[in-house]
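What follows is a pair of complexes built around chain A, which joins chain B in one and chain C in the other.
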Partner chain A sequence: MRQMDVEARRRAAATIRERFLEIVEQMRRGEKPVLVMPKRTLSNTIYDVRRRMLLLGPDKIKRSFLDLGEARRFMQTLLMASIIYEALVNDEYPTIRDLYYRGKHTLRGRENTWDTQRESDAAIRDVESYTGLLREEMLILSKEKGKVVGRMRIRSGGDVIDLSRMGHGAYSIEPTPDQIEFLDIDAEYVLVIEKDAVFQQLHRIKFWDKHKALLITSAGQPDRATRRFVRRLSDELGLPVYILTDSDPYGFYIYSVFKIGSVTLSYESERLATPDAKFIGVMPSDIFGDEVLEKYADAFAKLLGKRGLRKILTGKKPVLSAGERRNYIIRAKPSDVMRAIELVGVDTYAPFRKYVESKLRVGGKELRELRRKEHAGYDWFKTPEWIREIGIFFATLSKLEIEALTSRGLRFLAHKYIPEKIETGDWIE
Partner chain B sequence: MRQMDVEARRRAAATIRERFLEIVEQMRRGEKPVLVMPKRTLSNTIYDVRRRMLLLGPDKIKRSFLDLGEARRFMQTLLMASIIYEALVNDEYPTIRDLYYRGKHTLRGRENTWDTQRESDAAIRDVESYTGLLREEMLILSKEKGKVVGRMRIRSGGDVIDLSRMGHGAYSIEPTPDQIEFLDIDAEYVLVIEKDAVFQQLHRIKFWDKHKALLITSAGQPDRATRRFVRRLSDELGLPVYILTDSDPYGFYIYSVFKIGSVTLSYESERLATPDAKFIGVMPSDIFGDEVLEKYADAFAKLLGKRGLRKILTGKKPVLSAGERRNYIIRAKPSDVMRAIELVGVDTYAPFRKYVESKLRVGGKELRELRRKEHAGYDWFKTPEWIREIGIFFATLSKLEIEALTSRGLRFLAHKYIPEKIETGDWIE
Partner chain C sequence: MSASPEGFRSLSAAEFFYRNREIAGFSNPTRALYQTVRELVENALDAADTHGILPVVKVYVERVRGDVGYYRVTVEDNGIGIPPQYVPQAFGQVLFSSKYVLRQSRGMFGLGAKMAILYGQMTTGLPVEVVSSPARHYRIHYYKILIDVKENKPIILEHKSWRKSGSWHGTIVSTTVEGDWSRARSYIYDYIRGTAVVAPYADIFFQDPDGNIVRFPRSISKMPPPPRKVKPHPHGVDIEQLKMLISASKATNLYDFLVESFQAIGPKSARSFLEWAGLVDPENPDDKGIDPHKMKRGELEYLARKLKEYSGFKAPRTDPLSPLGEEIIVAGLKKVYEPDFVAAVTRRPRAYSGHPFIVEAAVAYGGRIKSSDEPMLIRYANKIPLLMDMKSDVSWKVVDPKRFDWRNYLVSFPAPLLVLVHVCSTKVPFRGVGKESIADVPELESEIRNAVREVARRLRRFLSRKRREEELKQRIDTFLKYVPEVARSLSVIMGGDGEKELRRMLLEVIRRHVGLPEHEARSLEEKLGRLGDKR
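Moving on to the complex of A and B:
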């Protein structure tokens, strides 16, 4: 048993004990037992402009044991807390899946404690937000996809690991990244890549060595450990973090999860989000330069004003020729458009709507739904730069994968595209 | 540029050159250009009983440039070979996705070289089977999910990596595992785990240290690099390989891919399959012991004879109590049953059919399809032991995840279930 885990167990168990003793106290005093915790709904999710991350607002919920409608959730939360507590004091390392199994049983032969992992996961989130402990701090493990290589040494679980000596393989980030100790670092920035295969390519030519970078892949939608690891690199070492994804609304959203947090799980953002993360590409404006902005000047002027339009002109030359574009661009699907509308809101979509709907059958029902909710988009996507990028997406219905850039030679991506964007500051905050 | 890659490039480029020079020679001799290569169809896929793996049979196909129906595929194969050759001599590390992009263009403004990655991937397979080079040998990279920790040191890309000093993280296996050099090893066996989260749990308690094991996860369906890495550990170091998956037809199939190869890509098996791999669990007979065999004695006797039935009795006590089973078992879906029928064939399914169909709506059309093709199942699943296990599955329609075992304490899985199965030889070859 390593010392760090022993201490983590002691801390987490003490916190759980202390917080749930309050319930016992309530009962002792003859009060009805009530759990008070932050309300984890979209309406209580607030984008904190100053801290630039999604946080829970001030609303609380009370969950009472004696209320018929709440008794089940109350019971589930307490059951989960006790299972996690047991696991902590018994030196266990449960996963969220096995917490589901540990708690699953039938009460008095009639009702199940929970029926699906959805319910047990919600109970874990209850315990997290009631105690203020992240599940990683309670030594709950999970599968991990994130990898890292670069000029840095770390200490984890008593071992010193040199991330520049991983051969052609990589270091797979641990499930409890708060326990990692940063020993010494000789890197100037962090490059996070959505695609594992592109990570492999850049690693193989030792991009990180030549450009003094830490190279990370999230292998798609990032898991919590990867997000926490990136956040710590930004916070504690002050390294700039650049994020490279496919040029499509799904990729833009991955960037947003790194930077701001997940819209549905905002209580974790405080420790998982990296507000300083920068999106370096692939940008729609990399593909098209100013061409589309000029062609759709009216639409963009409507959104940003004439002066605003002039400000978002990039002066960039497209990185792809017209012929390459013809071969490499993937046509957007209605689901991509819907996702883009979610990011920037229906108002930003409006000037492009006619064009888009003449080209694609954008889901009528879902779109009505977005309008009905007056889906205004996310504040952090309503900057002139993002309106430019997503506007170009609407106007061209074009997506591009990072791999389309490597197809013209890995050197182009590694030694021109990425370094030039970083050098000239061609990113979006 | 590392020496190993330089040599790999030289070798692969020379082979491609030599093989495709034959086409040029044909033309010089005034013959019509023809590619002759092994036929990669199911009908030409043979289970080699002696070598215990799927191999391509003796059938060849001829692909002629002057045949209208074949000209497109001929062109695609040659185009792909030339792109790969270019990449080799230009020190590139393409991925299969960017090979798709590299080759994608429109011929004479009318026909595309290929429309989907499906077609370009088929062309890569053509080049692989025509030249006898695996894509890894041509330095084509891909995303990788496999991880390893344990008492072993390896050399990769010039670095020496100690797989027992990975902290709480792990070593992510490289895309070209043939370049790994095994330096020294102090492990007695290899344990491959389907689920990454369970791998994390066993790693965290240093299972590999106490039990002198190499711990590997495929994180689901294994990729080629993980399969090749496991094969090399078996072949070159003579280590026994045990495979632990969920107890369901999908898990059994993962085992089969490690051991025998992929049914649709049998030409790779020769280098990727591990014929000595053993399935240690989770077995349906671990969950139910002999209870089901006795209850369905008639059905099993019909399949194996009375003496056969006696032989497959295990004498095992179920690892789960009746109460635990009630809580942990997941009910099979029709798609699970279909997959199981694919493994053992319609004949083995027959005695259980009435029961299964009374409980589940097993897909009528698909089932008719399997019958029409007289789907006989795979030879390597038609052993008494597999008929026992999959028979129990049919008779109980029960699936179990590995996590259901860890829910009764990680120690049970780590220090009892796995070591006892290995010690008593309770596995299936």
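Moving on to the complex of A and C:
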């Protein structure tokens, strides 16, 4: 048993005991047993401008055992806490599926403690937010998804691993990234790539070696372990983090999850978000430049003011030629437009509405749905830089996958596009 | 409506009633068998309870000849008995009765039993057999009697007597009639059960032709006070009655006639009435009006009308009415239906057209009452169960869920709800000749409605308490269900022990939360024990 593991277990178990002792104390004082925990809803999710991450607001919920509607959930939360506690003290590493099976049994009559994993997963989230412990800290395992390679050595489970000697494979980021010990590192920045395929290509040509980078992929929507790992690299080693995703609203959102956290799981942002992460691309302005926005200048002046407008219209030139664009870009669908409206809000969308509706070849039903879309947008996307990028998306209705850049030649992506963007500071903070 | 006196003269009374037997309820073998049981049982109860004796009534229906449907109905009571010299007339002569007076009693014509005997004799040719002995008599008498229909006279076929060895008194009547048991069965059972409800002070035994026996033992020893005879109220008399009263009176002037023949008329009110009606000279205090015996038809009509119109009379007296009383109704319903809740009310006397009446109502809920989309209505007129034509009865008009909003009283159908309505009056306003349903008299209807509302309000209190208790029980069950799991989980987190103590604390928290008193704590623990904790 590694020292780190033992300590993590002791710490988590002690926290659980301490928190639930409060319930016993309540009863001893003759009070009703009540679990007080942060309210996990969108309305209680606050974007902390100073710390640049999504945090839970001050609202609390009280889950009382003596409330008919909550008694069952109360029981489930305690049951889950006891199973996690037992696993901690018995040196076990349950997965969330294990926790589901361990806790499932029949109460009196036909009622089960829980019926579906949805219910037991909700109980895990309750234990997390009641104790303030993340599941990783409670040594609950999940599927490994993220990978890393680069000039770095770490210690994990007592073994020293050289991340530059992984052959064609890569190191899978373990579900308990807090137990990884950073030994030594010879890298200047972290590059996180949304697409696993692009990660593999860059790994084969040893991009990380030539450019002194730690190369990470989240293989799509990042899991918690990858986000925590990236956060530690940023926090503890002070490495700049650049994120490369597809040029579409879905990719922009992946960046946002790395940077400030997800709306649904904001209680973990404090430990998982990397506020300093930079969006390096692929930006719509990389594809089109910013001249497509010139005819919307008046509208943007109204929206952002003269200074804001100057930030948007910088005369940026596209990296792709008109011919390449024709070959690589993908037409946006109404669902992409909807997603984009969610990010920046309807006010940014308004100048493009007419154009978008005339270009989207969709039926009346989808159009009506689009017109009904009401969203104020997220504060952290309502910056001049993002308004420019998503404005270009509206104005062109085009998406681009990272792979499209490699088809122009892997070298272009590896040795020109990425290094030049980093050198010139062409990213969004 | 009523037969003219001329009709009686040309036919013997017995013959007249036989020819009009459907009036008395003997229209077919089904009705006849049921009606026979009913008439004999009512006479038996009257013989006991109106004389202050707690009744013991035994009823036997036997199949005499299955092929032609002859049934022998025997009813035994422990009443005052009949003096031996009157037995032949009492059972063998129509219109000989002690009931032809103005008071509430069960019998309808005072000839119901004789109608049964007459019907039996005409359908089977068999005589009635009577055994009777009054209290404090030394002998028991036995008669076998036929009715001479043409002459309206009893024919005594046999008469025996023997010394009593004990102190038995009462009457046993046995008559054989043509009937249809399979169809009459449910009516007879309903009748016996209905009678047991309103006579819980009686011990009723019944054996049917198939040998089945039901017994409703006495459950209360209190009896309703026996009704008393009273003079008629001026608002309630018609010309014919007025004629009868005059012919029975020896008064020589209107003033004396009114004062002595009516209730609610004293010297003062007689004087004011006569002056108001212009029948005496107001200036002459010695004018007492003409001799009523010399009044012509027009004058009689005028007098009857004025008696009805005058508003200065006191309300009719209620002594002739014999309500059951709340205690007896409650005891009766409890005995027969074992309900979860029962409430009864006896309303204050009221009058319609000069006839006093009292409405009694009760509701019973749960127990052996079957759940149904409508309330189960059981009706009584002067303590007699009314079994047929229910939907045309004024009581049904009141309790019909289409017109009475039972939801206001927290009853949602289907519900195990029974409503009892008892109307007692010196003149129950029956609808039609069948005398099985009561007509819509506005005064009666509103009184029944008030009575049902009154008991329904009490039912609402019960149901709302029951609802609260059920909710509480459900809450406690929900909490208890999770107690073992919560206690076990907490004890695991706390290091593995103290589970029992945690359970106790949880139970205490639940007990205080749901507001159970401290001494109920054990019951919670026991309940939890019963639920068991299956792991």
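The criterion applied here is as follows: the second predicted complex is superposed on the first by the 406 of 429 C-alpha atoms of A that agree within 3 Å, B and C clash if a C-alpha of one lies under 4 Å from a C-alpha of the other, contacts with A are read in each partner's own complex, and residues count from 1 in each chain.
In this section, a residue touches a chain if its C-beta (ideal position, glycine included) is under 8 Å from a C-beta of that chain, and two chains touch if they have at least 3 such contacts.
Small disclaimer: the values here were computed from a predicted structure and weren't measured.
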{"item": "Partner chain(s) touched by A:Lys382 [first = chain B, second = chain C, both, neither]", "value": "neither"}
{"item": "Touched partner set for A:Lys39, first chain B, second chain C, both or neither", "value": "neither"}
{"item": "First, second, both or neither for A:Thr106, with chain B first and chain C second", "value": "both"}
{"item": "Which superposed partner A:Ser82 touches (first chain B, second chain C, both, neither)", "value": "second"}
{"item": "First (chain B), second (chain C), both or neither touched by A:Thr406", "value": "first"}
{"item": "Partner chain(s) touched by A:Ala197 [first = chain B, second = chain C, both, neither]", "value": "first"}
{"item": "First (chain B), second (chain C), both or neither touched by A:Glu144", "value": "first"}
{"item": "First (chain B), second (chain C), both or neither touched by A:Asp98", "value": "first"}
{"item": "Which superposed partner A:Arg339 touches (first chain B, second chain C, both, neither)", "value": "neither"}
{"item": "Superposition-derived comparison: chain B or chain C, residues of chain A touched", "value": "B"}
{"item": "Shared contact residues on chain A - chain B and chain C", "value": "105-106"}
{"item": "Residues of chain B touching chain A in the complex", "value": "5, 90, 92-95, 97-102, 104-106, 141-145, 147, 154-161, 165-176, 179-180, 195-198, 200-201, 204-205, 219, 323, 326-328, 401, 403-404, 406-410"}
{"item": "List of chain C residues in touch with chain A within their complex", "value": "475, 478-479, 481-482, 484-486, 488-490, 492-495, 502, 505-506, 508-510, 512-513, 531-535"}
{"item": "Footprint of chain C on chain A - complex, ascending", "value": "16-17, 20-21, 23-24, 27-28, 30-33, 65-66, 68, 71-72, 74-75, 78-79, 81-82, 85-86, 105-109, 111, 113"}
